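This is the structure I want to talk about, given as structure tokens.
Here the chain labels run A, B, C and D in written order, and each chain numbers its own residues starting at 1.
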Amino acid sequence: MEITSFKSIVNNYQTIFFDAFGVLKNHQGLLPGIEKTFDYLGERGIDYFIITNDASRGPEELALDYQRRGLKQITKSKIVSSGMLAREYLKYKVKSGLIAYLGTAQSAHYIETLGLKAVSIADLDLEQAEEVSALVFLDDEGFDWYSDINKAVNLLRMVNIPVIVSNTDKSYPVSRKQVAIAAGGIANMVQDIVGKKFIKFGKPDAQMFIFAYEHSVKKGAVQDKEKILMVGDTLTTDILGGNKFGLDTVLVLTGNTLEKHADTRISASGIIPTYICDSAVID
Amino acid sequence: MEITSFKSIVNNYQTIFFDAFGVLKNHQGLLPGIEKTFDYLGERGIDYFIITNDASRGPEELALDYQRRGLKQITKSKIVSSGMLAREYLKYKVKSGLIAYLGTAQSAHYIETLGLKAVSIADLDLEQAEEVSALVFLDDEGFDWYSDINKAVNLLRMVNIPVIVSNTDKSYPVSRKQVAIAAGGIANMVQDIVGKKFIKFGKPDAQMFIFAYEHSVKKGAVQDKEKILMVGDTLTTDILGGNKFGLDTVLVLTGNTLEKHADTRISASGIIPTYICDSAVID
Amino acid sequence: MEITSFKSIVNNYQTIFFDAFGVLKNHQGLLPGIEKTFDYLGERGIDYFIITNDASRGPEELALDYQRRGLKQITKSKIVSSGMLAREYLKYKVKSGLIAYLGTAQSAHYIETLGLKAVSIADLDLEQAEEVSALVFLDDEGFDWYSDINKAVNLLRMVNIPVIVSNTDKSYPVSRKQVAIAAGGIANMVQDIVGKKFIKFGKPDAQMFIFAYEHSVKKGAVQDKEKILMVGDTLTTDILGGNKFGLDTVLVLTGNTLEKHADTRISASGIIPTYICDSAVID
Amino acid sequence: MEITSFKSIVNNYQTIFFDAFGVLKNHQGLLPGIEKTFDYLGERGIDYFIITNDASRGPEELALDYQRRGLKQITKSKIVSSGMLAREYLKYKVKSGLIAYLGTAQSAHYIETLGLKAVSIADLDLEQAEEVSALVFLDDEGFDWYSDINKAVNLLRMVNIPVIVSNTDKSYPVSRKQVAIAAGGIANMVQDIVGKKFIKFGKPDAQMFIFAYEHSVKKGAVQDKEKILMVGDTLTTDILGGNKFGLDTVLVLTGNTLEKHADTRISASGIIPTYICDSAVID
């Protein structure tokens, strides 16, 4: 395993796609010094986007969170979340009716800003089932798991509606040692029980990268995929997805993949990053 | 699809294995007239056992429930539950330490009657993780799903212990139209998240049928598999398992498989019962 | 199930995406009258593309085949094949070395037109394994299954290289009653045995639709997804993929989904087309 | 990882179950010195059985092969193969008709000794499909993969018959570095394509251990599971299956699991052997 310096690589690209958790921040907050990376990119006119499997909050709130922690450069327009893709689906494919969701009131932002009527699964009466036109998994919090996951299963047995999963991650870290089951993990269980095909948004799916790519094109950034670099800590989402979309990829060792496991995991999975770097911090 | 009379079949066998839910009872209670079936079998000296994916209660309590509802013939010795297999596993393979479980206090019966120390996942402190020697999924009730399923995931990340799933069913009916997620459904989600191999007991697994078979042999019943008939309402558990164990099988249409779907499901799955009968009621 | 006339729908769109097999042609050749559909679209200035999971031949040859059968309107620029996506991947991600492939010499077109050196797995000596920089599944013909599929498995045990699957279909029809295993079916078996993650291109994956979409944008067609209609005969590829990408979808009953099964399959899968039409033939 | 001496363990048991490949032999032949293990067991009156996922030859031939190589102690009655379980299934469940099979003429032994009429898939005419009453996967050799695996797929689309897989292994070693795809690997591909549920026999399935257990009981050996030890080189078949059946288990490091990988694999899989020994050779 050859470790390359992140600084020595970035100058070859015009746009950098960053995963968030494990790359820019961890359970303790921002990675110390990560703001210098964005200073460096800013000085050289290298554009960047944060591509995250997150639908718990809208892009504005996600950006505000970075700013509050000291990363002033991250504005709303720099965020591409899987929640935005779920929103896009609803915009094109679901024009009316109640949209039932599992998640916090905050996460319902993605539905409500479309002018659609969102109802938390907790507040849904199954007598109303016929009025529901879609079910969306947004977050693992904001509802009672026992009564409301069971309610979601029964809703899907009563009506044949599209089910949108806006975060494909199965779990996420909550402390140095512990994780929590994510919306994607719950959605997989429900899908397995009802036997239907859910519509899932998130890395490694190509749609996530295309959305970021089109986003970057709109903002005036380059179109050439060879000038985009994807930086992530997880082989099965960030690196697999970046590779498949045709991008060069960097595996950083500050999150899910520890240095001692990197070689084994790369050869066991066959998912091969273009580069391996200790960290995305440039100092 | 040829429908055969159950009465015309049973006389060819010396032992009948019955599934419980969808065959002897449904969400409303016992199937009307089902006691006549047991009278008939009793008169002719045909033995019977109830083979059920259930670990929510011990065999004694399961039998008492039948008796209370009016089926006096069902005694403890007639019950073969997947919980009994989980208990057997613990007896042979786990001799000491704490046994953590997801389920009601009632379901912990299977652990406690072995003299092992059971601790509900709700009461477990993860600081004690090193003292835990196995985790058992017993029931979908008796704990807080959000905090305790997450706690189970983290326990399995901290210690490498066997995980026993004592009911492989993903869901079970709670009313005419509604189902609830079963312990097996929850266990599948946790297994998928932690990436380990759980030890699962229940139909269609052969071990369930062998346990019943040995049970029946001990009680003096026949040894010849050709003289045993398996009766069930679910192709993927009762019929598949019975077939694989070498038994003749009857699909009854009083539960999971409705008459209008039977042909389609049999040809789509390739799981072929020896007979199809309207019901296991003999009148 | 409400059947809509295809003619009554198409005028609401500016671009039509057609699946090939089961929509435009079947095992006997072109669907009788299908050329009138293209006359109709041409007269009204409605653009169209054929989106096909096919890597057995290059787009030029695929187009020639339509022309030879009498569909003069189908030119190379109207074809979007999964092979083109595999080619795109190789172009961006694999710049040198031998590209081993399973398929006919004809299918190697996708590799050779990039200036890369293609070697049929049949001609590969495993002593050369270290020189191979990627393995591509292109077609189910052109090699000896026993020796060459086994050789592919062993190649992947020797070197850690990306594996590209250029057709995700598991089988394809060869006569009214019979099918053949497709490259995607073989690739799934190999992937399961070596335990690695392959890079797969084809419907229902979003990348297929994006490629067609960008293709159509380049050709001057519209950008608004609401003005694109996807027409297919298979729920799990054409309709699922089209829906997920945000397009309106038409299920036609001339291929994989027979009229008598349509309702059952839609409600069992939860994959819901916008419209159901007897056929894509406009007369 | 604590390594225990195999000799120090065996005296605590009355019967030893051995896996074959990776434990008693490898691609070069018998493990040097393994005959001393059987001398040792013989002297102490410890019984033994070989439990193998193999249906390529009957138990008599399998035993002869050991004897020819110098292991005189292995007689037919000491062999328990997955082919014997497939045979048992056919005996109880398929009484007439043609039995189609994929395998060598030698492997058809399991069918023919039942008095059933076996026909190689290679010799089957699909016009006869209606006469076929079961399909059995016996071996990966003895037929043309391209034409005959495709023929098997089409047979299963024409008639709804039980499919028996008599070896669940996906691959097997053929030299120090290379493997070959096994019958179980081919069967998985066909099952995935036709979407039916196959009946599979082999470790880790409990039925394999029960068969050996009943076998050992018939031969007068003990009934107490605590007095049986399972010895194998593969966590996911030998150790998982032995554990689930309630046996003590030994992982030996002479086959699939190398010493350097043992700890990682045990903690990643959660499959925990009772003991780890360098080898089953006692000298």
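The definition used in the following text is that contacts are C-beta pairs under 8 Å (C-beta built on N, C-alpha and C of every residue); 3 or more make two chains touch, one makes a residue touch a chain.
Keep in mind the model is a prediction, meaning the values are calculated, not measured.
Roughly how far is chain A from chain C, going centre to centre by Cα mean, in whole Å?
Whole-Å distance between the two chain centres: 28.
Counting in whole Å, what is the centre-to-centre distance of chain C and chain D, each centre being its mean C-alpha position?
Result: the chain centres lie 40 Å from each other.
Which chain D residues touch at least two other chains?
Nothing qualifies.
What kind of graph do the touching chains make: line, ring, star, complete, other?
Per interface graph, the chains form a ring.
Pull out all the chain pairs that touch, please.
A-B, A-C, B-D, C-D
Flag every residue of chain C that touches chain D in the complex, lowest number first.
Contacts found on chain C: 144-146, 149-150, 153-154, 157-158, 170-171, 177-181, 185-186, 188-189, 192-193.
Could you pull out which chain C residues touch chain A in their complex?
Residues 88-89, 91-93, 156, 160-163, 194-199, 205-207, 210, 225-226, 236, 240, 243-247, 266-272.
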